[in-house]
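Pasting a structure below so you can have a look.
In order of appearance the chains are A, B, C, D and E, and numbering begins at 1 in each one.
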Amino acid sequence: MEALLDKNRLKDWIAALDGWEAYAPARQDGIWSYQPAGDNPELNHPNTPQPPKGFAFPQREIFFKFEQVKGEAPRLTAVSPAPTFRVVFGVRPCDGRAVPRMDRVFSDHVDDGYYQARRDGLAYVGLACNTPPSRHCFCQSVGGSPVSTDGLDVLLTDLGERYFVAAVTDTGKALMQAAGALLAKPGAAERKEVARLHAAAVAQPQRGVNDAAAAPAKLKAGFDSPLWEELARACIGCGICTFLCPTCHCFDINDEVTGTVPLKGSRVRTWDSCQFPDFTMHSSGHNPRDTLGSRLRQRVSHKFRYFHENFGMHQCTGCGRCVSECPVGIDIVRVVNEIAGSV
Amino acid sequence: MSSKKRTGVFVCHCGNNIAATVDVAKVARVMATEDSVVYSEDYVYMCSDPGQKAVIEAIKKNQLDSVVVTCCSPNLHEKTFRDNAQAAGLNGFTCEIANIREQCAWVHKDRNVATAKAIKISRSAVRRASRNQALEPIGIGVTRRVLVIGGGIAGIQAALDLANAGLEVVLVEKQATLGGHMIQLSETFPTLDCSQCILSPKMVEVSRHPKIKLMTYSEVKEVTGYVGNFKVNILKKPTYVDPEACKLCDDCTQVCPVMVPNQYELGLTARRAIHIPFAQAIPASYTLDIDACLGLNPVRCGKCKDVCEAGAIDYDMLPRTVTEEVGAIVVATGFDLYGQDNLGEYGHGKIEDVLDGLQFERLCSASGPTRGKVLRPSDHSEPKDVVFIQCAGSRDPAQHCAYCSKICCMYTAKHASLYKHHVPDGRAWVFYIDIRSGGKGYEEFVQRTMETDETIYLRGRVSRLYQENGKIRVLGTDTLSGQNVEIDADMVVLALAMTPSKGTAEAAKVLKIGRDKDGFLAEAHPKLKPVESVTAGIFLAGTAQGPKDIPETVAQASAAAAKVIGLLSQPRLTHAPTVAKVRAAHCTGCEMCVDACPYDAIHLENGKAVVNAVLCEGCGTCQSTCLRAAIEVKNATLLQMNEMIEAVLGY
Amino acid sequence: MGDNIYLPQLARVAHIKEEVAGERAIKTFRLEFDNGGGFEHECGQCAMLSIFGRGESMISIASSPLIRDYKQFSIMRVGRVTSAFHELAVGDVVGIRGPYGNSFPVDAWRGKNLVFIGGGCGLAPIWPVIQTAVAQRADFREITVFYGGRSPRDIMYRAELEKLRGAVDVHLSVDKAEEGWDAFCGFVPANLMAKQPAPDNAIAITCGPPIMIKYVIENLRSLGFKDEQIYTTIENKMKCGLGKCGRCNVGKDYVCVKGPVYSWAELKELPAEY
Amino acid sequence: MIDLNALRTQAADILETGEVGAVIGWRRGSRGMAAEPVAIVAPEEAASLVWDPTCFHNLALYLVEERKKPAQRQVHGGKPIAIVAKGCDARAVTVLLQENHFGRDDVYVIGVSCEGTGVLDERKLAQVLPGVEPDGAAFDGDNFVFATSEGERRVPAREAMMDRCLECRNAHPKLNNVVFGEETPRDFDAPFAALKRFEQRPAAERWQFWQRQFERCIRCFACRSVCPMCYCDECVVDSINLVVTPETTAAEKADRVRWIERSASRADNIGYHMTRALHLAGRCVDCGECERVCPVNIPLRLLNNKMEREAREAFGYEPGASIDLPALVASFRDDDPGQFIR
Amino acid sequence: MSEQTPYEPRIVAFLCKWCSSAGSDLAGVSRIQYPANATPITVACSGGVSPQYILSALRKGADGVLVSGCHIGDCHYMEGNMHARRKLYLVKELLEFAGVEPERFRMSWVSAAEGAKFAQVVRDFVEDLRPLGPQDKLNAERP
C-alpha cells in the first residue's frame, strides 16, 4: 500500500489515528528527542541522540510491588504495562532495524512479558534518510540501508512538499487506512522520484566496517589482541555508548524500598551497561572483565560476533550514535576494522 | 551478627507526665511491629527500682540483645538504663533512650498528635538500636611525666607545682636561661617589688628540684602520641660550654673579639659572642653564640678556648636530640612585643630615643645597662620630657592588633611613676585611650601615678612623631579638651601590644594545637576550659594564651598544673568508644577529614585515613565531610542516621 | 501479559542449619512451598532467591531432585542479599523463581566412576548429584568425594559427609594443619594428586573457588582425564537468570541459560571471562 | 600562537631522556575532526600530537588511578607521566594534588595556553555553520578556521567557543613544568555571567527548568566518568564502581547506604546531581566537561558554577588555586556567612 | 494520609546533643508548647550533619529540615558548628538555586538555655512551611 501525504497534513493523519498515541522527534532544550507529537510535527530531525528503544524497553520498568507486614508473608502485586497503542513517527531505518534485534533478545529462550506487552501496542513509522542524518552513519556496511524498512510498519520518503507513504506491515496498512482521504494515490512520477531518491541515498558515500560478514571470525581470532586495551585507552567507562545504542539491552534488577512500616517497595528493572566496572564484578571482588579493554571487547564482540553466532545477524545497525556521542571519540567502526585488520 | 537483633522496648509513663498526653500503650504496641523488636511493654515508672528490675528481668528472659527505653531526656537516665543493660549482661552501648517527655509529652497537648510524634521518636531509637554495636570503652595507660614548654614565669610556676606534686617534669626553654620576660623587668606593679628578687629564687628552685629536668637552649621538634602517651623529640642546641666545668670566671668574654647587641638588654648594650645572659642566669654557665662567633676554628680565633683554664669550652659539641615520654604537656611559650618597626607613625623603630616598654624596664633596672639611671640611649643625657604612648599597636583593628593588651595601662603607669622617682624634676606625659586598671590595687596605683607622681595623662592618640633639633616632636590630640598637643620630648616610650611569641607559633605548629585569630593559643572553651587546649592532654599557661600580667600568669600556670595533676592521677584513662572508623576500601586518602577534624584525630597511613581512637571525640565532622562515606562514627553511622530519618518520616 | 517470568513464588524457611561460622559464614536453608507451589529441578540447576527490599541472588539448588517436599540452599554471607538471608528465622517467607540453567548429565554417567572435587562453598552445586548418585547407588560404580575447607570449622555438610562414608570414598582436607585433624592437610588439588583417582570410565565433577578449579583441572588432566570427562560450573554474576540482562555472558553464552554446568571441553572454547 | 612543533619536540625530549614514561595528549581521531586523547610512550609518537580547537577533553582525568592504568602499564619503573594541560586542566591537576591523588613529582605538566580563545563547542558550531561538517579545525588569532569540502571557513572564535571558555579566568596554566603560548589578555564574558542571568529568574521558573533537565537525565554517568574529581572508587550515590576488595566484609557491603536508587527517575536524578554539585563545591575547576559530554544536553555547568561562585564569594575560596589549600568543606573561616542561620 | 486531614508539614530536626537538644529539653521542662511537626534526631554535633541527610530527608518526603546547633563559639567540639555553617550554607544555596523553596531548609543556633527560642524556631518554621504545602520536588513518590 503506497500513498502520498502533504507534509502539512501529517498532523491531520496523526489526529485521525484514533486510539493511538503518537510520538515524533522534537527539539527541546537544544536536543532532539521523541516527544508526544505536538500540533505541527515536522520530520526534519537529525538522528536523535536517544533511539526510540525506550518505547518497548523503558529505562525503568516496575516488575512488581511488594508489601510485608512484620510476621506475615510478603504480598506481591505484579505490575503490567498498561495496554496502549503508540505510534512513533520519524524513526530512522537504522533504528527500525534495531527492532527485530530487540525482539529476538526478549523472546529468545523465554518471552519477556513486559517487553512484549509494550511492543505489541507499538508501531513505527520510519523516515528514509534521503541525506545522511549524521556523518557517523555506517548502516550500509552492516547490512542496512538508508531506506531499509526492516522493523518499520510504514516508511515515509520525503519528496519535498509531500511524503511518499509506504506500508510495510499490516499494522502499517491499518495506520494508513485510518488516514482515509488525507492520502492521495501516487503516480508513476512520484514512484520514480522515490526510486531515484532511494537510489541516491544508497549511493551516498558512507564510512563503514570493512567486511562485516568476516567480522565474527576476525573478532574471534583477535580476541586476545593487545589492541583492545590500546583502542580503549581513552575510554572513560561511561555508559553513553550502550545507553544510546538502539540494540543494547542489558539491564539491572533492584529492589526499591519506598516505605519501611510496613515494608513497601518495588522490584525494578533499569538499564545497565557492560561498560560499567561493576557490571560483571562478583561479590568476591573478582571481575571477569576488569579492564576498559575487556569491556570494549565485550561491547564490540557482542555486536559483531556473539549476537551473530547466536542469531545470524549483527547487533549493530550502524546508527553511529556510539561514535558521535562518545565523549572521547571511541569509534566502533575503527575498532572493528583495526582488530579485523590485525589478524 | 549473623541473626537479626532482638530488641526490647520499654515505654515509660513517667507517672502521668508522659501518659497524660501520650498513649503509651499504643506506643508499646506499635513498637512491637518493628522488625527487630521482640518484646515491648509500658510501665508506670521505668526508672523506679521495680521498673529497673523489670527491665533487667525482661532482658534476661527474652534474650534481648538491645534495648530502647522511651522515657525522659537521655541526660537524666541514659546512664541508669545503660547500667541496667550491663547488669543484665548486655553491653551498655546497645541501649538507646527515646526522649518522649521533654521533647514530646511536655510540649504538646493533643493526645493523638503527641502519640504520633512519640511513635516516630521511639521508632527512630529502635532503628538506631537495632544497628548498634557492643562497644568497650577505650582504656589508655598514662605516663606520669609532664613536659613544660617555656621557662618564663608561667613555665617555672607550672613546673614547680607539678614537681612538688610528685610528677616528673621536663622543662624546655629555648633561650640559654630560664626567666622569660619577667627577669627583664625592673619593678613590678602595683607593689613595685623587684622582679629579679622574686623570680630568681624560683629559678634556682627549678634548677635544684630533683623532679625537674631542665633543658635550656632546647626546642621541641616533634610531638607524637596522645593524651597520657606523648612522645617528644627535643633538640638540645650546643652551647659549646660545659656547664659543669664552667667556673663563671668571665675570662673568656674578656678575650672574645666579637661584639653583638645584647638581647637580654634589648640591644641597649652589647655583649661578646661567648657570654652569660646575665649574672643570675640559670643554668649558671656561659654560652657561645655560634652565629656571632668568628668560627669554631682555632686557626681563625679560638681565643676563648685558649684562655679557659677550666677547659670548659668544647668546640666539638654537637646538637643532640633527646626523646622524652610524657603524659601531658603544658605550653607556656609567652609573648613578644609588637615590633616597633610595625609602627610607621612612631618612626618605624628608627628613632633611637623611642623605646619600647621592655627597654625602659632595663633602663630603670639597677642591673640594667645604665645601672638604674634613666638616660637617653642617644647621648646618655637625662631626659627631662618623657612621653609614654599607650595602645601602641593595640586596639587598632584597621592597622594593627584588634585586641587590648591588657597590661600596658598598668606598666605605663609604673614606668611614669618609676621615671618620676628617678628624675623628680622631669615631666611625664601619658597618651591613653582608656585607662583599664581592673585588678587588686591597680586603680589606686594609677591614681598615685597621676596625683602623687604628677604624671600628665592626655586622652588621645599620637598621630605622628619625628626628630627635630635633638628632640622628638610628638603630635597628638587631647580629645577631652579637643586641643592639638605638641610636645618636644627627650624620650618616648611605647607601650607596645603584646603578641604571641614566635616560639608560641612554633610550638602550636609542632603540637598541632589551634591558635585564635590573633595567634594566641586557643583554649578549648573560652569560659569553661580556659587552660585546656583543644587537644586532650595539652594545657596552656601564661601569655601564650593571651595578654596577662604576672599574677594572672601564675594563677593560670597553677591551674594548668592542677589539671595535669588531676589527669595523671588516674591510673588509666578511659575514652568513649563511639569514635570514628574508616572504611579503608572506600577511602581515597584525600585528607579532607584530616583537615576537618577539630581534634587532629586523623592522619594518613599508606594513603588511607586512620583514626586515633584516643583523640577522636566522636563529633562526626569527618563523617559529614567525607565525600565517599568512607568514615563513620560507631553507633551513629550513616546507615543508622538514614534509617532514623526514614523512621521519623514514617517512610 | 502471559507468564510473568520475573515474579517469584513464595517459600517458607522450614529449617536453618549453620554450616560454617566466621566472616564468610555459610548457612543451609530448607525452603518449602505453600499449597502446591514449587517446581521440579535437575542436578546443577539454580534458583533466584529474593528477600524483598534487599534483592535477589542466584543460588544453586543443593538438594536432590528426588526430594520434592522442599528445596535446600547453602548460602555464604558475602554481601547485601546474602547477609539478609543470614538474618532469617524459621518461618520467614522469601521469594524464589527458577529453576535456571542446564544440569549435570547424570543419566549419561550411569555405569561410570564419579569423582567429585569440591572446595569452600562449592560443595553445594554438586551436592544434589552426590545425593542422587548415592540414592541410586547401584547405577554408578566407584564414587569418590574430595572436599576441603580452610580449617576444620570451614568444612560444610560435615555430618552428611561422614554419613556418606561406606557408600562413598570421602577424602577431606584442610588448608593448614590443626590439632585434632587427622585427615589430609593441604589444598584440595594436592589431596587429589595424593589419592590419584584413575581416569578410566570416570567423570570428574569439580566446583569451588576459581583458583582451585584451575589447579584441579590441571591435575585431573595430568592424571589422564580427558577434557570431556571433566565437568565444572561457572558462577558469573546474574541478575535475570533468563538470558536477557546480559551480565553473565561469556562469549555467546548466557551462563544462566547455557550454563552453569560445562564440561571442560566446552568451556575451553569460550573466552576465559568467568 | 603555540608552536606545535615545539610542543612535540618537548614531548619527544622528555620521553627520550626518560624524564617521563608517557605523555598524555591529543591526536587526530576518527570521529570527524575531533581530536582524541592519547598516551604516547615513544619519542617518535610525539609527531602525532596535535593542538587545535577540538582539544576539549580535560586530560587530567587520565591521571586518575583507574583511567591511568592503560597508560601506566606501559610506563616502566614508575616514571612520572606528562600531561598536556590547558588552564582548566592544570587547575584540575592542582586539585588532584591537593587531594593527594599523586605527588607533584609524579606528574609533568606541559601547559598549553588557550591564549585569547578557547576550545570549540560542537553544538554551537552546528548552529553557526548548519549542515557543514568540517574535516579539521585550527586556531588563527581570534578565529577558528575550519577545513570543509568547500574550502576554508572562518568563524570568530567567540561565536563557537565553549561557554566555559568565554567565562574562563585562567586560560594560562599556572601549574606547569613547561608552558607553551602566551598569557594573553582575554575579553569575553565576565565570569558567572550566565549563572547570574539564570539566578535572576523567579524560583518557580528555576524549578520548572531544572525539573525538565533532571527528568531528562538517563544516568549514563558520563558526567561523572569524565570528571577528574569524580575519582571515587565507589560513588556514594550509586554503586557503579563498587569497591569490593578481598578485605571488604559482607557487613560493609550490606550496610552501605543507598541514598538513591539506580532508576533514572526525577527524585533520584536530583539526588545524584545535588550530591555531585555539593561534592564538587570547591573542587570543580569549571573545565565544563560534564556539560559537554552529556548526551541529553543538561546544563550541568550551571550547577557547578553556582557552587563555585558561592565558594568564591562567600568563602573566598578559589578551587584549583593552590596545592596546599585545605578543601573548601574541610575548612572554615571565622567570618563565614551565617546570616541565614536563625 | 487521607484527604480531609489538614496539611501538617513534616519536619526532621537534627539537634546537636549539647546545645539544641538540651535547649529542647528545657522547653519541655518549662512546658513551653509548640507544634509537634518537628521530630528530633539528636546528633553529637551540628558539624556531623551530612548534606546527604538533608537531601535524604527531602527525598523521603520531609516538608522541611531543621538543623540546630550551638551558637558560634560555644560548640562542644570547638568548631563543629563552623563546619556546619559552611557546608549547610552550600546546601541551602543549592536548593534555592534549583528552585526549591528556601523555607524548606532551616538552620538555627539554640543554646541549652534557650528553651523558649527552640519553641519559637519550631513555631516559625511550621508557620513558614504551612503555606507552601507538601514538598513534592525532591520527594520520591513513585508510581
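FYI, a contact is a pair of C-beta atoms (placed from the backbone, for glycine too) under 8 Å apart; a residue touches a chain by one contact, two chains touch by 3 or more.
In this text the structure is predicted, and so the values were computed from the model without any measurement.
**Q** Counting hops between chains that touch, how far apart are subunit D and subunit E?
**A** Graph distance in the chain contact network comes out at 1.
**Q** What's the minimum number of touch steps needed to get from subunit C to subunit E?
**A** 2
**Q** Using CA atom means as chain centres, which chain is nearest the centre of all the protein shown?
**A** Minimum centroid-to-centroid distance belongs to D.
**Q** Taking each chain's centre as the mean of its C-alpha atoms, which one ends up farthest from the centre of subunit E?
**A** C
**Q** Tell me, please, which chain's centre (mean of its C-alpha atoms) is farthest from the centre of subunit A?
**A** B
**Q** Taking each chain's centre as its mean C-alpha position, how far apart are subunit B and subunit E in Å?
**A** Their C-alpha centroids are separated by 35 Å.
**Q** Rounded to the nearest whole Å, what is the centre-to-centre distance of subunit B and subunit D, using the mean of the C-alpha atoms as each centre?
**A** About 44 Å separates the centre of subunit B from that of subunit D.
**Q** Using mean CA coordinates as chain centres, what's the gap between subunit A and subunit D in Å?
**A** 30
**Q** How many angstrom lie between the centres of subunit A and subunit E, each centre taken as the mean Cα position?
**A** Whole-Å distance between the two chain centres: 47.
**Q** Going through subunit C residue by residue, note those that touch at least 2 other chains and give them in order.
**A** Expected reply: 77-79, 82.
**Q** At least two partner chains per residue is the criterion; list those residues in subunit D.
**A** 236, 244-245, 248, 251, 253, 256, 259, 261, 265, 329, 331, 334, in rising order.
**Q** Hunt down the residues of subunit E that sit against at least two other chains at once, touch-wise.
**A** 51-52, 56, 79, 83, 87, 140, 142
**Q** In the complex of these two chains, what residues of subunit D are touching subunit A?
**A** Subunit D residues touching subunit A: 29-32, 34-39, 57, 61-62, 66-67, 69-71, 73, 123, 133, 212-213, 216, 218-222, 224-226, 239-242, 244-246, 248, 253, 261-265, 289, 292-293, 295-297.
**Q** Within their complex, state which residues of subunit A touch subunit C.
**A** 63-64, 66, 68, 73-74, 76, 78, 80-81, 105-106, 108-114, 116-117, 223, 249-255, 257, 263, 265, 267, 269, 272, 274, 279-284, 286, 288-289, 294, 298, 301-302, 305-307, 309-310
**Q** Any idea which subunit D residues touch subunit C in the complex?
**A** Residue positions touching the partner: 249-251, 253-254, 256.
**Q** Would you mind writing out the residues of subunit C in touch with subunit A in their complex?
**A** 1-8, 10, 12, 50, 52-56, 78-79, 82, 93, 95, 210, 235-237, 239-240, 242-252, 254, 257, 271, 273-274
**Q** For a test of understanding, state which residues of subunit B touch subunit D in their complex under the given definition.
**A** By the definition above, subunit B touches subunit D via 1, 131, 517, 583-586, 588-596, 604, 607, 625, 627-629, 637-639, 642.
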